[in-house]
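Each in structure tokens, the structures are laid out below.
Okay, so chain A shows up in both of these, paired with chain B first and chain C after.
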Partner chain A sequence: MLGLVYNEILKVVRKKRFYVVLAILAVLIPVFTYAQYKTTVEQQERLGTKDWRIIVQQEIVDLQNRLTSARLSDEWRRLLQIRLQQRQYYLEHDINPLAPGAVTFARVFLERSASLFVPLLVVVVAADMVSGEHTGGTIKLLLTRPVRRWKILLSKYLALQLFVSLIIAVTVLLAYLISGVVFGYGGWTMPVLTGFQVTGEGVLTDRVHVLPQGLYLLMQAGLVWYATAVVATLSFLLSVLLRSTAAAMGTMLSALIAGVILTEMVSSWQTAKYLFVVNLQLTDYLAGNAPPIEGMTLPFSLAVLGVWGAAALLAAFWVFTRQDMLT
Partner chain B sequence: MNAGKSRTPVLSVRGLSKRIGRRPLVEGVEFDVYPGEVFGFLGPNGAGKTTTIRMLVGLIRPSSGSVTIAGYDVHRQPEEALRRIGCIVENPELYPFLTGRENLLHFARMIGDVSLARIDEVARIVGLERRLDDKVKTYSLGMRQRLGIAQALLACPELLILDEPTNGLDPAGIREMRELIRSLAAEGLAVFVSSHLLSEVQLMCDRVALIHRGRILRVGRVDELLAGEEGRVVWHVDNAEEARRVLAAVPEVQVLEGDEGAAGGEQAVVCHMPYHRIPEANCRLANAHVAVYGIVRKIPSLEEWFLRLTEGEGIA
Partner chain C sequence: MYRPGIIALGMVALVLTLVWAGGFAFAVYDVVSAHPPAAPPERPSSAISPGSDTAIRLVGLGDSLTRGAGDPEGLGYLGRLRQQVAEARKQPVYVHNLAVNGYRSDQLLNRLRTEPAFRQTVARADLITLSIGGNDLRVAAQETGVDLAHAQRVFDETLVRVVQIVTELRAINPRAPIVYVGLYNPYARWPEGEAITALIERWNAEVAARTAHIPNVAVVPLVDVFRFHLDEYLAVDRFHPNDAGYAAIAERLWQVVR
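Presenting the complex of A and B:
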């Protein structure tokens, strides 16, 4: 089995798919770093200060002003109230939520990439895992070896999950290393608040506690890993079913992008919470942001994603071990 | 090389059928392949050759019937059965982004116990040792074909299944491939070769199965199947008119119209005759002072031959 997994890893690396992922990260992270830098500088210039308390205070005032507007939808109002309460909590406890630093950048970057960017990178590798063998015709050689089909598929799946972990690790690492050049490499022990409970009325703060940012980042990475592993499994199924890398990638991309759009507009469509794409932003639960649909909780989202992933994995094995290789 | 005939077959196919929906692709295919023989699987394109081969190696599940390799059913005990065969299905498609050696290592890891020395050995057998560390995408078709065979030989199989092994090769490559296949069979390997060229099967195979429209027409020794198959004979002579007269007088000879293959200053006469009449006919021409420059046996084309074989068998 180890030899089989090694084969699959070798093929992904030598096909240069993983290098494509690395290249995308190496180009985009400096771009985001620069954008973040410009925003920070501009904000400081506008307020004429570097004191974060004044910046947060200003944000609170902005939020309060917006809340007075009569034309605000209920949903927006709730969101803004949550944000306002969080800001006030930070200020009261003298914790700077915006403290610049490579760890903060990595945390924010990972949070923003959780539902689209990281899954996209994984799809690049996952969509080709099985269909690549069909396109190249090598599936015939692969399946005429004295190895059961389920073992071949399992070796591919294990290799894929290895790359999922690697991609997330590399994303965090590159975000830290590249942004550190500008923001400095500190921030591991900076306190971050978590445990906000979003309810119908607002935010409950009785469970709120402080975590060192390094630990927070690790927890975040774990949640992103879980959601991305499910996306990888679904792409893997498509790769088995469609036998074409382009078709599998296209289908998965549309689903992910549709998910981002849906998340913005489904708050009144209750059953949409069972779609996997709406549940990908697991880091929201950690940060205390409002979920896309009322009543969604971390265990709920984990369960929904788990069911989707398990079903896709079963389907992939069921089809792959039975299908005729006619072409 | 035919010493193995009395032994048990390496490959045994019984009642093999594949239907997709209600359309039959292959119907009731049966044959045996013995150690040490080259077995031809001959049929026009679209006759069901590839479907049958894919069932032999477990890529397609048959609708009914069985494929047994050295006593193991390919679909019930695939690991045991597939360990004993090496195959190339259609084109030898290997990983173009890996080197030849990496490709062989890749498949060696799937088989399990293959030594590094064996990789060099199979590369030597197919004559690829000097290019083994180049990427496969730089290989010519002939080299890919040879790497395909090297890959098939890796596990020391008892049966080699090759689908159109000379496809796309130049004449020199075709001869080399033929010699390689014969030498492998001489070492006791059973080789199953599919082809749509009668001439190729004649040169390479001991026995042959003919498949047409998904059914096996005949199985037997190549020379026996072609015996009684009165081919055309072309006589290259200096005086066609006289030759026609002489040849027409030989028993069992039917002189045909046309002069196919006539070239330069020569003339040619085409006859329909059994080959055992050729010496007699040649003798009579010599006695009649007709100069004979060449006698060419024209093998019937596969389609022609099949047309005759299928006549009156109700396979229309």
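Presenting the complex of A and C:
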């Protein structure tokens, strides 16, 4: 079995898809770093200060100004109010939520990429796992070996999950290393507030507590890992079903992008919370952002994602062990 | 036959998987489990960050006039005043615009009394500009229409609060000049325009009279600035000043504070 997994890792490395992922990250992270840098500098110039208290205070005033607009939708108003209350909490407890530093950048970057960017990178690898064998015609060679089909599929799946872990690690590592050139490599022990509970009325702060940012980053990566593993499993199923890398990738891509659009729109469509794409932003529960649909909780999202993943995995094995490979 | 590079990659990936699983477990535990209320972290002994710089700080408080509503350039009078001060003094000038659109005197007074960060910013100011009261009066006028007794009551109450605000500002910051930016009359062309102008003139004069005993306070009435230039100075909403209007206000304030 280990030999089979080794083979599958070797195949992924040979196909250079993992390098594509690395290249995407190596190009995009400097772009985001620069954007973040410009934002920080511009903010400091406009306010004429580097004092974060004044920047946060200005944010509070800006939020209050936006809240006075009569044309604000109720969802937006609630969102802005939550952000306002959090900012006030930070100010009152003298914690800088914007402290520059590579760890902060990595944390924010991972949070922003949790529901689309990291899953997309994983899809690049996952969509090819099985269908690549069809396209290359190597599937017959593979299946004529005296190994049970389910073992072959399992080795592919395990290799894929190893690459999921690698991709998340590389994302965090590159974000840290590249942004550190500009922002400095500090910030591991900076206190981050977590435990905001979003309710219909606003934010409860009685369970708010402080974590060092390094630990927060690890927890965040763990949540991203879980969500991404489920996306990888679904892509894996599509790769088995569609036998074409492009089709599998396209399908998964549109599902993910549709998910991003849906999360903006679904707040009144209750049953949409059973779709996996709406549940991908697990980091929201950690950061205390409002979930896309009221009443969604972390255990709920984990369960939904888990059911989707398990069903996809079962379906993949069921189909793969029965498929007629000659066509 | 196995390539050590690939085996190492697999091992690293396996370890990472365990690491992420650990982080995941930690995160779930942290979100789901009940935490005792956190003790607030200790505040540093000096709540104000080191003011080692020699910059001039302008602090704007109040309503949309100070906010700069209607200015397509988003500077407002405060941003333009900053440019003038910076040019004349050859020093960095920081602007802290804490004004909120639609603010009334009770909201500002409450904030000034309860929000420590707000007070800190005021305490460090080198110049404080303030525009407040206009929304109180306008809302009262729209609500009551003809009820003159009620309008007079709101007028008096607001006046008291404005004086309280200025007193509070003086207590927080004994040093910086305070400039009260008076009201102008955007409705001068209305049939009731003359009556409103009279009211606003009375308001500006009352604020000046009632704050006369507080040191280092100036009231700048704007009725005169806008009197002959209404079309020129008003934004498309016919209520807030436009960029030319804000430039005129900044010019007027510069004459006062330079």
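Here, the second predicted complex is superposed on the first by the 327 of 327 C-alpha atoms of A that agree within 3 Å, B and C clash if a C-alpha of one lies under 4 Å from a C-alpha of the other, contacts with A are read in each partner's own complex, and residues count from 1 in each chain.
Here is the rule we use: contacts are C-beta pairs under 8 Å (C-beta built on N, C-alpha and C of every residue); 3 or more make two chains touch, one makes a residue touch a chain.
Given the structure is predicted, the values throughout are model-derived calculations rather than measurements.
Engineer: Contact-wise, after the overlay, does A:143 reach chain B, chain C, both or neither (first, second, both, neither)?
Structural biologist: First partner only.
Engineer: Which partner chains sit in contact with A:38 here, chain B, chain C, both or neither? Use first/second/both/neither.
Structural biologist: After superposition on chain A, A:38 lies in contact with neither partner.
Engineer: Where does A:10 make contact in the superposed view: on chain B (first), on chain C (second), on both, or on neither?
Structural biologist: After superposition on chain A, A:10 lies in contact with both partners, chain B and chain C.
Engineer: Taking the superposition on A as described, I'd like to know which of chain B and chain C A:77 touches: first, second, both or neither.
Structural biologist: In the superposition, A:77 touches no partner, neither chain B nor chain C.
Engineer: Name the contact category of A:57: first (chain B only), second (chain C only), both, or neither.
Structural biologist: second
Engineer: By the touch definition at the top of the document, which applies to A:324: first (chain B), second (chain C), both, or neither?
Structural biologist: It touches chain B, and chain C stays clear.
Engineer: Can you tell me whether chain B or chain C touches more residues on chain A?
Structural biologist: After superposing on chain A, more of chain A is contacted by C.
Engineer: List the residues of chain A that touch chain B in one complex and chain C in the other.
Structural biologist: In the superposed arrangement, which is not itself an observed complex, chain A uses residues 6, 10 for both chain B and chain C.
Engineer: Show which residues of chain C lie in contact with chain A when the two form their complex.
Structural biologist: Its residues touching chain A are 2-3, 6-7, 9-10, 12-14, 16-17, 19-28, 30-32, 34-35, 37-38, 40-41, 43-44, 47, 49, 55, 67, 82, 92-102, 116-118, 120-121.
Engineer: Contact residues on chain B for chain A in the complex?
Structural biologist: Touch residues, chain B against chain A: 51, 54, 57-61, 78-83, 85, 87, 89-91, 93-98, 102, 106-107, 109-112, 151, 155.
Engineer: Taking the touch rule as given, give the residues of chain A at its contact with chain B in the complex, in rising order.
Structural biologist: 3-4, 6-7, 10-11, 14-16, 136-138, 140-148, 322, 324-326
Engineer: Given the complex with chain C, which residues does chain A contribute to the contact?
Structural biologist: Per the stated touch rule, the residues are 5-6, 9-10, 13, 47-49, 51, 53-54, 57-58, 61, 64-65, 68, 91-95, 161-166, 168-169, 191, 194-195, 206-211, 215, 218-223, 225-226, 282, 285-286, 298-299, 302.
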